[in-house]
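Each structure below appears as structure tokens.
Across the two complexes that follow, chain A remains constant while its partner is chain B and subsequently chain C.
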Partner chain A sequence: MIEQVSSPRALSTSARGVGRKRSRMRSQRIAGWLCLTPFILLNVLVILGPSIATFYYSLTDWNGLGTATYIGLGNYRELMHDQNFRQALVHVAIWTGLFLTVPIAMGLLGAFLLSQITRFQLLFRLIYFIPYTIASAVNASIWKNIFDKNQGMFAQLGELGVPGFSNFAIFGSTDRALWGVAWVDNWHWWGFLVVIFLAAMRTIDAELYDAVKIDGGSRWREFRDVTLPGIRPTLVFVVLLTIIASLLVFDYVYIITQGGPAGATEMVGTLLYKRAFELFEAGYAAAMGVTMTIMSVIIMVLYRYMQRRGWDV
Partner chain B sequence: MGDVSLSSSGRLKRRKRRSGGTGIYYVVLCLLAFISLAPLVVLGFNSLKTKAELGRNPLGIPLSPQFHNFREAWTRGDYATSIKNSTVISLSTAIGVCIIAGLAAYALSRLDVPGSSLFTGYLFVGITIPAQLYIIPLFALWVKLDLIDSRIGLIIIYWAIFSPFSTLLLRSFLLSLPREIEDASRVDGANEWQTLSRIVLPLALPGVLVVGLVAALMSWNEFFFAITFIQSEELKPVTISFLAFQGRYGRDWGLTSAAGIIVILPMLALFLSLQRRFIAGLTAGALKG
Partner chain C sequence: MCNDFCQEIRTNRRRLLGASGKGILGASLAGTFLTGRRAPRAKAQDAVTVEWWVQQDNADAPIAEYRRTNIATPFEEANPGITLEIIDRADGENFDRVLATALQSGAGPDIVPSQGPAHAGTMGKAGLLLDLAGYAEQYGWKDKLLPWAYDTGVLDGKFYMLPNELETTIMYYGQKLFDEKGWAIPTNRTDFEAWATDAMGQGIIPVAMGTGDCGLCTNWLVTIFFNHYAGPDAVYQALTGEIQFSDPVFVDAITLLNQYMQAGWLGGSVDDYFSNSFDAVHSQVAEGKAAFTMEGTWFLSTLNSFFGEEAGNDNAWGWAQPPSFRDEVPYPLFPVAIGSTLSISAQSDNPDEAAKVLDWYYSDKARVAQRIADFPGPMTLPLAFAKEDFPATMDPRVVDIYVGLGNATAQGSFGYAAWTFWPPKTHVYLHDEVQKVFTNELSPADYCAGMAELFTEELAAGAVPKPIPRTPAS
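Then we have the complex of A and B:
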């Protein structure tokens, strides 16, 4: 590799000017492709190749290891009438709604308050960020204890005489499990948003705040009229990120409830996983993956379209 | 004149209100900090309690702290093995990602490669490809290549999935560095390899370090691929091993809490000691938006 790219040096002593420049460019090109080779090979092997293969397998009856039989759009037709899939989509919609509100509101609150103070700003930022860096398996285990029906937080409240909290199950309750799991995921996520929003808020021109202050505006008006418009590109990006991540949410649901109890927390991500790796319906699961990917592509195209239309996002 | 004095006294009043207001801010910020930290404190507390104390006092401060849970969790969960696995996986992932993404970012930011803007565009799209889209054929492929249930098989996957993001990060870092010194070295007759290793690499080291730290943290905590591709007990990384441990000893909070601390402590310590670099690296993708 070194020999190849060092050739222009030898050349340059004899031929100068244009020839030298051209060979320099060619050697750069070769070096460039050599530098990109490991990346491209790995990406094709692990991500791009299998992703494309999924589109093919979604048209087949396949157990994941044996030979795949082509069945056209059969999987997609089955998917349209699949009650479990439909229920999972409803859960994903609820999940997305929760994540578009709770963590974003908490992140905005934390970031705005931090942007208004000077002392301990970095310390608070660090504290909020810590849960994001902890392994999901451990986070889940902590909250399993805290939400435990017999000994957890609510059981303690019940013992103190707060009505309605004796035997108050979260992850074991079909009504509350989805909210409970979403809370754990939110708990590890919102601090990340604080850091992102705070960084975006720092780029806002301070004079804009002064203008509101001179008008005698309240902090709320500063937030509404200056901060929110000022961080709009970041906010829209976070909304996009939230939707795409919610479509195939997996980790916390799989770790805490595995989709239960009685399918109360079943997401498309967990359903797909079970179909592929527990029931060996890989072709059918592939169709689910393709469907969800198409949804996120539509959302991304919409985002690009809004950008093109001159929305400042 | 009357107007002026009025307005200045009004401003004075407002300033007073404002400085009084920040007290409330600290109260709310402390409340938010409590939400973040309390569960982790409970984890710490419970790791120090005996079974008997947990029965009486499941969430509060341990009254007679004991450390025996750690020793017991360490041997019963065989964390010597899983910590070793996770260390090997994290280190190899970090080093590999630095090399793979570093080379790619160098090509994209410094070398005149045709189609490099298209490539960068693919990177932006590529980081949003959901794992569920490719994991099923990838699993079949890994079975065929005999890479299932092996550390290197998992490491190769991590190299591939952490590289696009890392390449983008390093690319923008390299673009922010001045090019004059490199150009001078090229004019002096240094070849690309010499320019890369002697000039660019030392300058880019802070960026490479951030990428390495982030890759190490993400692979230490990674769950989805680890649980799918590793089955043998003796190859499991800490997160997967912890999940199995929790399934076995779930009722014994003291033991599982101690195990949880064993799992998170190495990375938590690393994160806290280099937090600025970590935070910058982990949020870089979203800030580019």
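Then we have the complex of A and C:
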């Protein structure tokens, strides 16, 4: 290789060019930070600040109104022996298991079937998606009426003589209440998943399906060998979203059963709310919140770990 | 005990659906602190404004308009320098949380409502409420209220709240069914059990009950069985720490309650009890499917939706006291409750004017009686009423209840409602954990032991409201 010696002018021009480029980059960086600053400040104000405060209060005996007294890890120690918290964690685990299977399976099936049709697809997408857009209080009230023990759907079936439905309670039964609330939540949730999965399925190369067809593969094989691998990142994202949302579940449970009857639908979210605002144990509730946050962080870390290990998620 | 939110539920389920939908939409659009609705009234020049928050999910409800025209307007006419803003807050069950947040941030109303002495006491101890002792002396509030009522507002020697809503629990029934069956009102355990067995045998639920709309309303039953089985003396001793809630007399009370629950006498079955909405319960009694329902006096304000001309039937309602479930317990007995309180915010810029509003609200007995006649329940102040204090047009059954309730405290025939005299943590335990007794996950003895443990802690922390002494105050 022949070394070329640049003239001083060329060097100077080049240096000026580099300087201008650096200056422009610096200006762009500053502009970027300036644009971000309001959002960073907003985040510090509404997320970081309250998060730090929550962590601090979790180390205190505080009723949510007066002065907080520092008690170290006392709340966390109490949490480990709290039967109601343990029961709530079990319910959250059941809920998570349920939402990792039923709505995701329904969403995948719905999206796959919709991807096979062109006529009325938009209409079906709309129909599936509508429950997701309705306020949870309205959804819950509708289903409370449908499942009403005295005048609801099952009461009418019972009156018609359908066996097993006379005196059939959903939300008032300790055995069925959790499943009943999960049904309502699922009813509003699965349509959202259909739309998400359908959008992901549209990105799959149609030639892959053609290849399966040429091989004489069935629809099931298309789904298993093309669709599922093709939407894997979306699927993993939905799984992650479901787990975190399940840890935080609150609205439907609180509106429909308030955690009852007899604690049969108590979730960590509803228990936390009661401890903070009914029992005036805000410090203890903060410890519950921090514990749930730690669990969410662990899941996020696992997800990042999988990504870094080269998993296509 | 029953706030506006639950009144709304009981009034009409369909209306609730619409109201909750509107409420949620309104809340999401307007934001937490913008949901209060002010009456569009002209303000006097340079007038001092006193804000009074009211939990009112439906600002178009007749009672909301009534408050504006029958409280705010006449007060302002009588006090030209003061504007009274009664603000309807559509925060639903979040009302307490929103109120506490507002007070802590130095905002919020001048006149602060609460759901009872225990709740107001917590706010008072946190420094959010003014000690009203000076105003009480200035305006002579102690003499205006029923003798015991003033003391329910005292915590740690400070007078934080004026009792606002005098309540009791009674049994309501449909006269038609009792006439048809020739039944007499059971007044003791023997009669009640014989009658309930007979009623169940005829396919009639003895006492319609349900917590489908309100889980915490199980505290009604515990209140009734503690008072009408264990007795008011035992309850008083427990509330003052002389005996424990683990005492066998309370264990027996809960055991009896659970026996009745398992027998289906309270709601039909355990599942029914957990399922029944207020509408279902009230309809069962009005339609003769159930004989009684045990509920508080707040039901008086919506009773006509189920009985008589307004409800489209010819069934009249009647009322009675729950039976004495143990020979040693007197009959009749009125468990006394304060369903809400009024205080002045420690951050108020106009505490003198706010105190003037409170004094006006409590002072004129005829005006208070008229309010009770117009809206029985939510505006019943604990004043000493005689029959002649009430308007002649008032339903005589309602007059009897309120006169009887007032007299009960003077005669010693009163008990203690859980939502007034229990401290916050023990109260939540009381209504949450008793459900586990009904599902056989917890024994009555363990339930009472747990209550005793919590109560002892709260008693030591000074969180227990002062119970009415057994010897009537002179």
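By our rule, the second predicted complex is superposed on the first by the 273 of 313 C-alpha atoms of A that agree within 3 Å, B and C clash if a C-alpha of one lies under 4 Å from a C-alpha of the other, contacts with A are read in each partner's own complex, and residues count from 1 in each chain.
We take it that a residue touches a chain if its C-beta (ideal position, glycine included) is under 8 Å from a C-beta of that chain, and two chains touch if they have at least 3 such contacts.
Just so you know, these numbers come straight off a predicted model, no measurement behind them.
> Since both structures carry chain A, what do chain B and chain C do when superposed there: clash or fit?
clash
> Touch test for A:171: chain B only (first), chain C only (second), both, or neither?
second
> For A:111, using the defined touch cut-off, is the partner it touches chain B, chain C, both, or neither? Pick first, second, both or neither.
Touch status of A:111: no partner.
> Can A:260 be said to touch chain B (first), chain C (second), both, or neither?
second
> Per the contact definition in the header, classify A:181: touching chain B only (first), chain C only (second), both, or neither.
Neither partner.
> Considering only touches as defined above, state whether A:65 meets chain B (first), chain C (second), both or neither.
After superposition on chain A, A:65 lies in contact with both partners, chain B and chain C.
> Which partner does A:279 contact after superposing on A: first (chain B), second (chain C), both, neither?
The answer is second: A:279 touches chain C but not chain B.
> Going by the contact rule set out at the top, does A:143 touch chain B (first), chain C (second), both, or neither?
first
> Go through the superposed model and pick first if A:43 touches only chain B, second if only chain C, both, or neither.
A:43: touches chain B, not chain C.
> Looking at chain A, does chain C or chain B touch more of its residues?
Here the partner covering more residues of chain A is B.
> Once the shared chain is lined up, is A:29 touching chain B (first), chain C (second), both, or neither of them?
First partner only.
> Pick the chain B stretch that clashes with chain C in the superposition, from 109-117, 127-135, 163-171 or 235-243.
None of the options clash except 235-243.
> Under the contact rule defined above, give the chain A residues that sit at the interface with chain B and also at the interface with chain C.
64-65, 135-138, 141-142, 144-145, 148, 151, 277
> Within their complex, state which residues of chain B touch chain A.
Answer in residue numbers: 10, 14, 21-22, 25-26, 28-29, 32-33, 35-37, 39-40, 42-43, 46, 54-55, 58-59, 99-101, 103-104, 106-108, 111-114, 116, 119, 125-126, 128-141, 143, 156-157, 159-161, 163-164, 167, 186, 189, 191-193, 217, 220-221, 223-224, 228, 238-240, 242-243, 246, 250, 253, 256-257, 260, 263-264, 267-268, 271-272, 275, 278-279, 282-283, 286-287, 289.
> In the complex, go through chain A and note every residue touching chain B.
So the residues of chain A touching chain B come out as 1-2, 5-6, 8-9, 12, 24-25, 27-29, 31-33, 35-36, 38-39, 42-43, 45-51, 53-54, 57, 64-65, 106, 109-110, 113-114, 116-117, 120, 124-139, 141-146, 148, 151-153, 155-156, 187, 191-192, 195-196, 199-200, 213, 216, 219, 233-234, 237-238, 241, 244, 247-248, 250-251, 254-255, 269, 272-273, 276-277, 282, 285-286, 288-290, 292-293, 296, 300.
> Within their complex, state which residues of chain A touch chain C.
63-66, 135-138, 141-142, 144-145, 148-151, 167, 169-174, 257-264, 274, 277-281
> Okay, in this complex, where on chain C does chain A touch?
13, 16-17, 20-21, 23-25, 28, 96-97, 100, 104, 122-123, 125-128, 211-212, 215-216, 269, 271-277, 280, 424-425, 428, 432, 435-436, 438-439, 441
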